[in-house]
Amino acid sequence: MATAIIIIAGVGLVAAFTLALADRFLSVKEDPRIGMVTAALPGANCGGCGFPGCDGYARALVAGTAPNGACAAGGDACARAVAKILGVEATATERRVALVKCCGTRSEAIRVGDYNGICDCNVAAATAGGDKGCTYGCLGYGACANVCPKGAISVRDGLAKVDKRLCIGCGKCVTACPKRLIELVPASATIHVLCNNPDKGPNVRKVCGVGCMGCHLCEKNSGGKEAGHFTFQGFLAKVNYQNPPDDAQIVAKCPAKCMAEDPHFETGH
Amino acid sequence: MSYYLMIFVGAVLVNNFVLSRFLGCCPFLGVSKKLDTALGMSGAVVFVMTVAAAVTWCIDRWLLAPHGLGYIHTLAFILVIASLVQFIDIAMKKFLPPLHAALGIFLPLITTNCAVLGAAEINCKQGSGFFESVFFSFSAAVGFGFALVIFSGIREKLAHADPPRCFRGIAIALVTGGLLSLAFMGFSGLVKLPY
Amino acid sequence: MKTVKSPFKFKGGVHPDYNKELARDKAIETMPVPAELVVSMSQHLGAPAKCIVKAGDFVTRGQVVGEKNGFISVLVRAPADGKVKSVEKRRGPAGGMADAVVIDTTAKPEVPETPENPGAGAAKGGPILPPLDWKTASREDLLKRVEEAGICGMGGAGFPTAVKLNPPPGKRCEYLILNGAECEPYLTADFRLMLERAPRIRLGVEIMRKILGMPAVRIAVEANKPEAIAALEKAFEGIEGNVEIVVLPVLYPQGSEKHQIYATVGRVVPEPPALPIDVGCVVENVGTVAAIADAVELGEPLLGRVTTVSGDAVAEPKNIFAPSGTKYSDLIAFCGGTKEPPAKVISGGTMMGFAVSSTDIPTTKTTSGLLLLTRKRVFQYSSQACINCGRCVRACPMNLNCAEISKAVEADDIASAEAMHVMTCIECGACSFGCPAYRTITQLCRRAKNSIRARMAAEKAKAAAAAKTPAK
Amino acid sequence: MKPKETAEHYILSSSPHAHAKTGVSRIMLDVLIALLPTTAAGVWFFGMRAVFVIATCVATCLLTEALCRMAMRRESTVGDLSAVVTGLLLALNLPSGIPLPMAAIGSVFAIAVAKQVFGGLGMNPFNPALAARAFMLISFTGPMTTWLKPVSRCCGGTCGAAPDAMTTATPLAAMKTMFAADAATGATPHATGAIPSFWDMLIGNMPGCIGEVSAIALAIGAAYLLWRKVITWHIPVAFIATVYVYSLIAGGAPAYAQVLTGGVMIGACFMATDYVTSPTFGKGKLVFGVGCGLLCMLIRQFGSYPEGCSFAILIMNALTPLINRFTQPKAFGAK
C-alpha cells in the first residue's frame, strides 16, 4: 500500500516538475491582452467587424490595426471593456439594426411571373429581374436570412422581416441583398419609410399598392423641409436618421401607406 | 514479419479501436466534421499513442511490475499520459512550431482520449514485449485514424444532407457510426489473434 | 481551303431536342421598322453606353445616341429615324435595369437641322459611314470602323469586337475561329445567315484577317447544317492562306468558345481570367463577321440583326432581320402572333437563354432568338435531393463535379464550391438538362459564381481603400 | 387577398429551359425491369415462398417509407419507386426460408434507419438493402444462413409446391474450405459434388439467396441497365474481374465458381452500382469495383462469414466520399 502511494506520488511529482520546468523554459510568449480582449468580445464570431471571428478582431485590436467600437454586437459595453484593457478612449456607438425598406407583401406588390428556381434572391434577381413587378422591392427569397448569423431575419408573406431584439447590426444582410434595400438604422428610431423605389408615382403605383410616390406629405406633416426629418431621392422619401422624426401621426397620414412605426418583427425567440 | 502484419491487420480492421472496441469515441465524433482536421487528429493520435505506449511499457515493466503494483496501472497510466501529452504540447510549440500549428489544437483533446489508455491497458494485459507493444499501439492508432478519416468523409457528405430535425448533428453521426461499425463486422475472423 | 472533320472531341455534352426544323427553311425576312423602338444602352458586355440624347430630340438612322463609356464598352446608334419619346430605365432580358432611348419612329422631324441639333433632319439616304476599301485601308482604320459601327459579339455574350480584334501587346492571334456552330436548340439565325450571306462572311473574314495579322482561319459549323457548309465552301472557294471549314459533331455546347477552340485547333484555354487570346485564338460569331463586312464595305453600322422567332406557341416561326430595339411583342406580331398562349418566353435559346417576364422587352445586338413555349414544353425545376447518378458530371463539358458543387451551394458552402473550380463553369446548362431529380444545378453554380464575384469585388474595393489611406 | 398579377404572366426560371425528361422514377423503373429476370428465376427455383418474401419486403419498405415521410412532415416519396427497389433488392438478398417477420424487420431497418433518418433518397451513405442485410445477418445469423435447396423442377414440381425443406450448405461454404485444401485432393470439385455444375451455377439451380442464384438472369438485367445507360460498365467489370483474378491467384475453387456463386453477380450489377452510395467518376468507380472485389474475396478466404460481398460493398460505400474526393477529374483548362 505504502509503496503504491509512494510510487504514484513520485510519478506525479516527476511529471509535475517536468511540466513546470517545461512551462518555465519552453513557453512561447504571447500578448496576454489578446486573451483578455477575446474574453471581452461577445464571442458570436459574426464577422460584422470585418475580421475572421472575435479572436481575429481581438488580435487586430491588440496590434492596434483595428479601431475599437467596430463590434456592433457587443455595443458600448463591449467597446468600453476593450478600451479598459487596451487603455484607450472608447468611441461611443449607437446600436444599429437592419431595416428592410419594402412593405410590398404578396397582396400589395404585383407579381409578373411564376418564379421556378432556387430560393435565393440573387438568382431570382438574375432571372428576368425577379418575379416582382417592382424592380427595387424585396423578392422574399431570403438571401438576407441565409447570411444572418443570429437568425434574426425571417421571410413572411413574401417579405423579409428583421427581429430587432436579435439583430446585432453586423450588416451582412446589407451586402447579401441583390436589391440593396436593407439599411442599418439606429435602434432608437421608430418611424421608417418602407419603400425603395425612386420612380415617379404613377410608375410605382403600377407595380405596388404601397409604394412611396414622393408626395412630400410626410415632410410637411413633420414640420416642413426646415425640420429636416426627411430627405428625398427622386420620388422616394427617406428618413434622415441623423434627425429622425418621432411623431406617429405622420405614419397614419401617409397616403401611400409606405410608412410604418417600428416595423421590426419579433420572432418570439 | 507476418506476425507483425497480423497485428497490424488485426488492430486496423478486425478489432478496430473505434468501430469494434468502441474506444476513443469522443474524438471520433468530435473531430470528424472535416477531412483535414480528421487527418490532423489522426496524425496527432498516432504520434501520442506510439510514444505513450513506449513510456507506459517502461513504467509498467520497471516501476509497477517489480513492486507487484499491477492493480494501480490505470491510475499511473492516466497520470503519465496526461502529463506526457501536456509536455509534448509545450515542447512541440517551442521546437516544432509548424507541426504544432497543424496538430496543436488536437493535443489537449488527446489527453482524455481513452484509446491511448486502452492501448496501454491492452499491452499491459497481454504482457507483450516492448516492440510488440509499441507496434500494436501504433497500429491501433492507425486504425483509429483510418476509421476517423472514413468517417469524416461520410460526415462531409452528411453536412449537405437534410436529416429530420431531431436527427441533426451528433445523432445522425452516431447512426452513421453504428452502420460503419456494422460494415466492419464483416472483417471478423480475418485474423485469428488475441488482439 | 478545305473542309475537315473536327479532329478533337471534348468530354461531356448533351443532345437536347434541337427543334430547328421549325424555322430552318424560313428565309430571312426584313421586318419594317416598328412604331416604337426601345434602344438599350446596355446591349453588350461591359460598361453601358452613355446616353447623349434627351426626350424631344430628333434622331436619324445611324446617329450615335449612346457613347462608348470606358474601354470595354460599345457605342449605340439609333436604328431608325424618329423622335426621342423618353430616356428611361428599362428592364433588359437578363433582368438588369439600363437606360434606354425610346424612339417614336412615326414622328416626322419638325425642326430643321441646326448646329445645336445635328442630324435632326430626315435620313439623307446613302451610307451612314463612308465606305472603306479594305484592301487599301490601314489596320487602324479598319479597327476604328469596327468600333464606330458599334459592333459587339453577336453570339450571345456581346463582347466588344474592337477590343477582341486588338490583342494586347505581346499576344498574337494565330487562329481566327468563326463560330457557326449554333448548337442552341430552335435557333436558326446563324444557319440562315451562313446560307444566304456566305459571301459577306468571306469578306468579313478577309477584313478580320487583315486586322489580326493574317492568322489561320477555322470556320466551325455543326454537321447538322450541310447546306450552310456547302454555301460556305462555295463562297470561300479560291481564298488563299490557311483557311479550313471544320465540321463539328452535333453536340451541345459545341458553340462554347472554349470548346470550339478545343474542337478546331486542340488548344485548351486555362481557367479564368485567361482569355482565348492567351492561347492565340480569337473566336467570332458568323453574324459578327458579316456585320464587320457591312460596316467596312457599305458603311452600314450594326443597327439590327437576324433573330429567330420560334417555339410551339408562335403562329409562324420566322428568321427576322429586325432593328435592335424592336420590342418582342412587335416581333411576335410580325410572325402572325401566337397560336397558343405561351407559358414561357425566352430570349435566346432554350439552353442558355433568359426567361422574360414581359414581351415589352426590346431586342439587342445579341438577341439571337425569341422562343415562345407552351406549357407542355416547359418543365418545372424541383428541389429534390441529388441521387448522385453522375449524369451531370458526365455531361459537364468543363469536367466539373457539378453534383457536389450544387450540394455545397445548397448548404451555403460557397468556399468548397470555389475549391471545386465553380468559377470555370460556363453555365451551359448541360448538367440541369439531364438531371433526373430536376435539380437547379446550373442556377446553383450561377449563385456560387455571383457570390464569389461579389466577394472578390468587395475585397478589391477594400484593398483599393486600404491603398488610398496610408497605414498609420 | 389574392396576389396581384400582371396580364402577361410567364414562368420565370433560370436557364436551361430544356430537359431530357428522364426522372428519378423512370430510372428506378428501369432498375425494377432489370431485376425482373432474376426475380422470375428466384420464384422459379424457390417457389411461392420466394413470392411471399418479396411481397413482404416490398410492402414493408413502401409502408415504412410512407410512414417515415409522414412522421418527418415531408412530401411523400413513395412515387419515386426507390422504396420498391430497396424492398426488392433486399428480398433478393435473403434466403427463401427466412421467416416473414424477420424480412419485415429488415425492410423497416433498410428504409427507416439506413435511408430516411439521413433525409431520404440521395442522402444515405450506405446502400439501404445491404445495410439491412448486414444487420439481419448479424441479428438473425441462423435463419440468414439456412439455405433451402431449389425446388427440383425436373421432378415436375409446380410453382405452388413447398420448397424442399432440406437445408443445405451453399457452394460458398464448400469453396471456403477449398482455399485451404487447395490441390490436396486431385478430384475436381464438381466431381466431388461439393459445388454444383457450371451449368447449374449459370442458370441458378443451387442453394442461395432468392435473387442471387441465376447468373444468366442477372446478366440479362445488367445488360438492360447498360443499354438504358442507367449504369456504366466500370463497377460491374472492375468488381467481377477482381474476383476472378483474385481467385485465379489464390487458387481453391475454380475462378468462375467464385464469380457465379454468392452475391458477386447481383452485388456487382445491382448493389454496388447504386448511384447514391457509389463514386461519381469513372476512375472512382473502377477503384470502388476493385475494392469491392478484393474485400469480398478477402472475407471469403479468411473471414468468419462465408460470403463477404455485402460487407465488402458496405465498406466501400463508407469509402465512397473519400474515393470521390481523390478521383475528382481536373476541370477543363484547370492547372
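Letters A, B, C and D mark the chains as written, and numbering starts fresh at 1 in each.
Everything that follows uses one rule, which is that a residue touches a chain if its C-beta (ideal position, glycine included) is under 8 Å from a C-beta of that chain, and two chains touch if they have at least 3 such contacts.
Please read these numbers as outputs of a predicted model, since none were measured by experiment.
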item	value
Of C-D and B-D, pair with higher C-beta contact tally	C-D
Far-end chain from chain A, centres as C-alpha averages	D
Averaged-CA centre spacing for the pair chain D and chain B, given as whole angstrom	34
Euclidean distance of C-alpha centroids - chain C vs chain D, Å	50
CA centroid of chain B to CA centroid of chain C, Å	60
Chain centre separation (chain A, chain C; CA means) in Å	40
Touching two or more other chains - residue numbers and ranges from chain B	161-162
Sequence positions of chain D contacting 2 or more other chains	6, 8, 10-14, 119-120, 123
Touching two or more other chains - residue numbers and ranges from chain C	354-358, 381, 385, 410, 440, 443, 446
Arrangement of touching chains [line / ring / star / complete / other]	complete
Complex contacts: residues of chain A adjacent to chain B	3-4, 7-8, 11-12, 15-16, 18-19, 22-23, 26-28
Residues of chain D touching chain A in the complex	1-6, 8-14
Complex contact set, residues of chain A against chain C	65, 112-113, 116-120, 122-123, 125-131, 135, 146, 175
Of chain B, residues touching chain D in the complex	35, 149-151, 153-154, 156-158, 161-164, 167, 172, 175-176, 179-180, 182-191
Chain A-facing residues of chain B, complex	59, 63-64, 67, 69, 72, 75-76, 79-80, 82-84, 86-87, 90-91, 93-95, 97
